[in-house]
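For clarity, chains are labelled A, B and C in written order, and residue numbers in each chain start from 1.
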Amino acid sequence: MKKTYNLSYSANGTKNLSLLGSVKDKANRYLQQRSIVQHLLRILLYSVLLFMALIYLLPLLVMVMNSLKDVEEIRNGSLLALPKDPSLAAWAKAWGSACTGSTCEGIAPFFINSFKIVLPAVAISTILGALNGYVLSMWRFKGSDLFFGLLLFGCFIPFQVVLIPMAMTLGWLGLASSASGLILVHVIYGMAFTTLFFRNYYVGLPRELISAAKIDGAGFFLIFWRIILPLSPPIIVVTVIWQFTQIWNDFLFGVVFSGADNLPVTVALNNLVNTSFGGKEYNVDMAAALLAALPTIVVYVFAGKYFVRGLSAGAVKGA
Amino acid sequence: MNKTKAAIAGLALAVSAVVANAGEVEVLHYWTSGGEAKSVAVLKDLLTQEGHSWKDFAVAGGAGEAAMTVLKSRAVSGNPPAAAQMKGLDIQEWADLGFLADLDGVANKAGWDELLPKVVSDIMKFEGKYVAVPVNVHRVNWLWANPAAFAKAGAEIPTTWDEMIAVGPKLKAAGIIPLAHGGQAWQDATLFEAIALGMGGSEFYNKAFVTHDDATLRSAKMVEIFKTFKATRDLIDADSPGRDWNIATSMVINGTAAMQIMGDWAKGEFTAAGKVPGTDFICAPAPQTEHQYTFNIDSFAMFGLDSDDSKVAQETLARLIMEPKFQEAFNLNKGSIPVRQGMNETPFDSCAKASMASFSSTAKTGDLVPSFAHGMATTSSALGAISDVITNFYNSDQSADEVVVKLANAVKASM
Amino acid sequence: MANQRRFTDMLADSMPKLVLAPSFLIVMVCIYGYILWTVALSFTKSRMLPQWKFVGFDQYNKLLNNDRWAVSSENLVVFGGLFIIICLVIGIGMAILLDQKIRQEGLLRTIYLYPMAISFIVTGTAWKWLLNPSMGIQKIVREWGFEDFTFDWLVNSEMVVFCLVIAAVWQSSGFVMALFLAGLRGVDSEMIKAAQLDGASMPTIYRRIILPTLKPVFFSAFVILSHIAIKSFDLVTALTGGGPGYSSDLPANFMYAHAFTRSQMGLGAASGVMMLGGVLAILIPYLYSELRGKKQ
């Protein structure tokens, strides 16, 4: 940005030079002018960015503020008004005593279920994606590109289509209504994206890296373990964040395949928010929603830096 | 109290230990709000006292739509839950596919045939055998009104649909929204069905929405009904689309709106706000349907199981649902009336008592009709098709003459 | 001895294929197998559960005569198109703005990115409130003194699809921004310096040099965005429930409603096949040209 205006103004400057007297005077004025324009542009830039930030934050703000009010205040007051008497009562209820079925223990018990499903599913799909990506970039064979194309198209299958055949398959495998079944489902439908991420990242690595090792007689796994994996942390971060978010937020697979004992937190949240009959406690709904979103928000806040870094390290280099 | 409870529980345990082994029933349902959870917990406690255990699988959302998805997936994967909350003709479809258990053993012992009106037991039976247990009866054709709002506008609560349309300007002039409405497909259908029943009568209603007689669907009467339906648009506010029914109810409670057409579950909102029936709010039959009753029955279908212990537990559950103790506790919580006849009426409020009286009288005259908006009258596919037509008509400038053709075609296509 | 050697060699040679085999199996069964299954189902009269009574193209006929299907597929075109274009524009724009050595870049980036972390099950209610004329933005702006301000898209059948676009863009544009920001960071700075020395202005540099090198990012962003658009389901459920009427219905919601809640599994399957066909028709040429272009 700095350079731009430097360039365009110097063109202007030379034109004026012949008309005006002192070169030094002109140069000073020009420098002054430039810094004012730059200053204004800079202010404009920051205002745009801050304005956008405000818009992005708006829904979150609405949720946080209303979770701190009581139901009466929400019903009578303005959506964006600050809470008159902020209280964490709604949060406490959402966490520990709101009804999610015949029990009223809040959404806390469901967090463990979610973690029990998300952690293995993320780990397995990431490992699988890394190995697939490694083969599809470094060990191509006839048909491997076709397979990649098929996989890419597979991303687009709407999940509602697969519910019934998947349920039949799981029943046949004896995994119906179990945590392992649900983990398997998440691994299967997360694999396309994890493979895509790793493959695109590995394609950007210099091929000499492994051709030398191959000549030295190093095998498939040795090369992966010694050479490729140490280069992978940026893309692992991207993949893990992506998968964690996707699986944590999943409702459809979670409700259909988990069985009564492993219901994830999104189902509990749905039960809490989507009550069909009887009074709605919007403050509790909001608090519960924020609690359920907390793990993913934390991941983004703390690992967001690495996310962009990982993306720039090659994930976006394309096919 | 606790001691006696413990003693009873102990006794029950001892008895059940002799009679049968403890089994587990997994129950799929969509009752998750505070009041409902309390009601379900009553049943859960009763079952536990008999020595069995209850495995809860609650999935809220879209009047059981999400729960239905779960049920289908579970069924095709070969492990359906022991009991699932289910309504109307869905029960027949599941039974037809051979998934449901025969409950005649429990039913005969407890004499369900005598305890239930025939209209209800017909829904619970498949090929003459009980496959499901009814829990409660909701009356859908209620008009909820705020008398203070009417007093302010100097108007009377309407008893016919013409009066309803006519009272609009008066209420509006007083700054009151005449009709509180939530623009969701099922609420549009709830309003429409009340108009159709009132203007067309019970026979017309059954012909159109139960047996789907083509000529009735295309009739001049139906055109007239759609015209009235569209005219109610002038009674509602512009912001209604997407509004939840209970938000609409709260508009009546605080007087911004004067009336709402909604089932008896709306009562819970009024009582929760500390309002008294008869003085703070009026529950009246929807216009022109004073001697008619649209029912909406919640029920549990029991699935066929392999384990004998679970079967025993399942039958215990079925028996408990029909027993007076649960029927009373549950319905007091939920605002509906017990499906079991001959219950003590004293604990219930005036609206519920009126509903009970009307339920038994209409059962005799043939004016007890199933609510199609709530899936009691027709298959889910026909219901879906009809409600698409209704909600689209209500939210567009389609003419009444056009829409009856659409309606008849859509119903035919859904068969 | 030699035999054993040959065996291990063979094993080593086929190792890549062996590693890929499980994934291949999964893709063939759980994606293409199920697609075939769905295609087969779409030719049956299946109602509540799959039933293999074949009825030819009946379900497709029904689908093409279904008003609601027409509305939802039209909505997908409008929604998908606008969503992808606006996300790309905002994403690129913000990435360029953020790339100007901004103080607190990390904080701003996190703010733009966080919507991606939360599902619509969570934010749906907040959006519903904000877009609702009598509670949200319209009411607030009117309270500021702009009495005539109207923003009632949510309750307007003609405009409601734009509400879907707004919420969807809010959720995904930050992620697109991150993709492009990452891409910008990867652009060779020597190239830019050289162009500057040649006297090119910054907008020109962006247009002529930087953006063309970001073509692969466009590709990734497009694939991810179209994938989100086609699968949009929660968005409709949470924000509009398909209303007013069914004016904001999308194909995924149509399919779900018919296959699961309306006991018209055959019709649901047919709509699923149509969706996949649509994806195929639009995406395959694009993917093909991109992948081929890369190789040459």
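Throughout what follows, contacts are C-beta pairs under 8 Å (C-beta built on N, C-alpha and C of every residue); 3 or more make two chains touch, one makes a residue touch a chain.
Computed from a prediction, not measured in an experiment: that's the story for all the values here.
Visitor: Considering only mean CA positions as chain centres, point out the chain farthest from subunit A.
Guide: Greatest centre separation from subunit A goes to chain B.
Visitor: Quick check: which two chains are joined by the most contacting C-beta pairs?
Guide: A-C
Visitor: Could you grab the centroid distance between subunit B and subunit C? Build each centroid from C-alpha atoms only and quote it in angstrom.
Guide: Here the centre of subunit C sits 38 Å away from the centre of subunit B.
Visitor: Just curious, how far off is subunit B from subunit A if you go by their C-alpha centres, in Å?
Guide: A distance of 41 Å separates the two centres.
Visitor: Can you work out the whole-Å distance between the CA centroids of subunit A and subunit C?
Guide: Distance between chain centres: 14 Å.
Visitor: Residues of subunit B touching 2+ other chains?
Guide: 62, 69, 72, 76
Visitor: Would you please write down the residue numbers of subunit A that are in contact with two or more other chains?
Guide: Residues 163-164, 166, 270, 273 of subunit A touch two or more partner chains.
Visitor: Taking each residue of subunit C in turn, which ones touch at least two of the other chains?
Guide: 49-50, 256, 260 - these are the residues of subunit C that touch more than one other chain.
Visitor: Help me check something: in the complex, which residues belonging to subunit A touch subunit B?
Guide: 75, 99-104, 163-164, 166-168, 170-171, 176-177, 255-257, 259-261, 263, 267, 270-280
Visitor: Give the list of subunit C residues in touch with subunit A in this complex.
Guide: Interface residues on subunit C, with respect to subunit A: 12, 15-17, 19-20, 22-24, 26-27, 29-35, 37-38, 49-50, 94, 97-98, 100, 102, 106, 108-119, 121-123, 125-127, 129-130, 135-136, 139-140, 143, 170, 174, 178-179, 181-183, 185-186, 196, 199-203, 215-217, 219-220, 223, 226-227, 230-231, 233-234, 252, 255-256, 259-260, 265, 269, 272, 275-276, 279-280, 283-284, 287, 290-291, 294.
Visitor: Given the complex with subunit C, which residues does subunit A contribute to the contact?
Guide: Those residues of subunit A that touch subunit C are 1, 3-4, 7-8, 45-46, 48-49, 52-53, 55-60, 62-63, 78-80, 128, 131-132, 134-136, 139, 141, 144-145, 147, 149-166, 169, 188-189, 191-192, 195, 200, 219-221, 245, 249, 251-252, 266, 269-270, 273, 282, 285-286, 289-290, 292-293, 296-297, 299-301, 304-305, 307-309, 311-319.
Visitor: Flag every residue of subunit B that touches subunit C in the complex, lowest number first.
Guide: 62, 65, 68-69, 72, 75-76, 90, 93-94, 97, 183-185, 237-242, 379-381, 383-385, 388, 391-396, 406, 413-414
Visitor: Touching residues of subunit B toward subunit A in the complex: what are they?
Guide: 26-27, 29-37, 40-41, 44, 54-63, 66, 69-70, 72-74, 76-79, 81, 244, 246-247, 250, 265, 268-269, 272, 334
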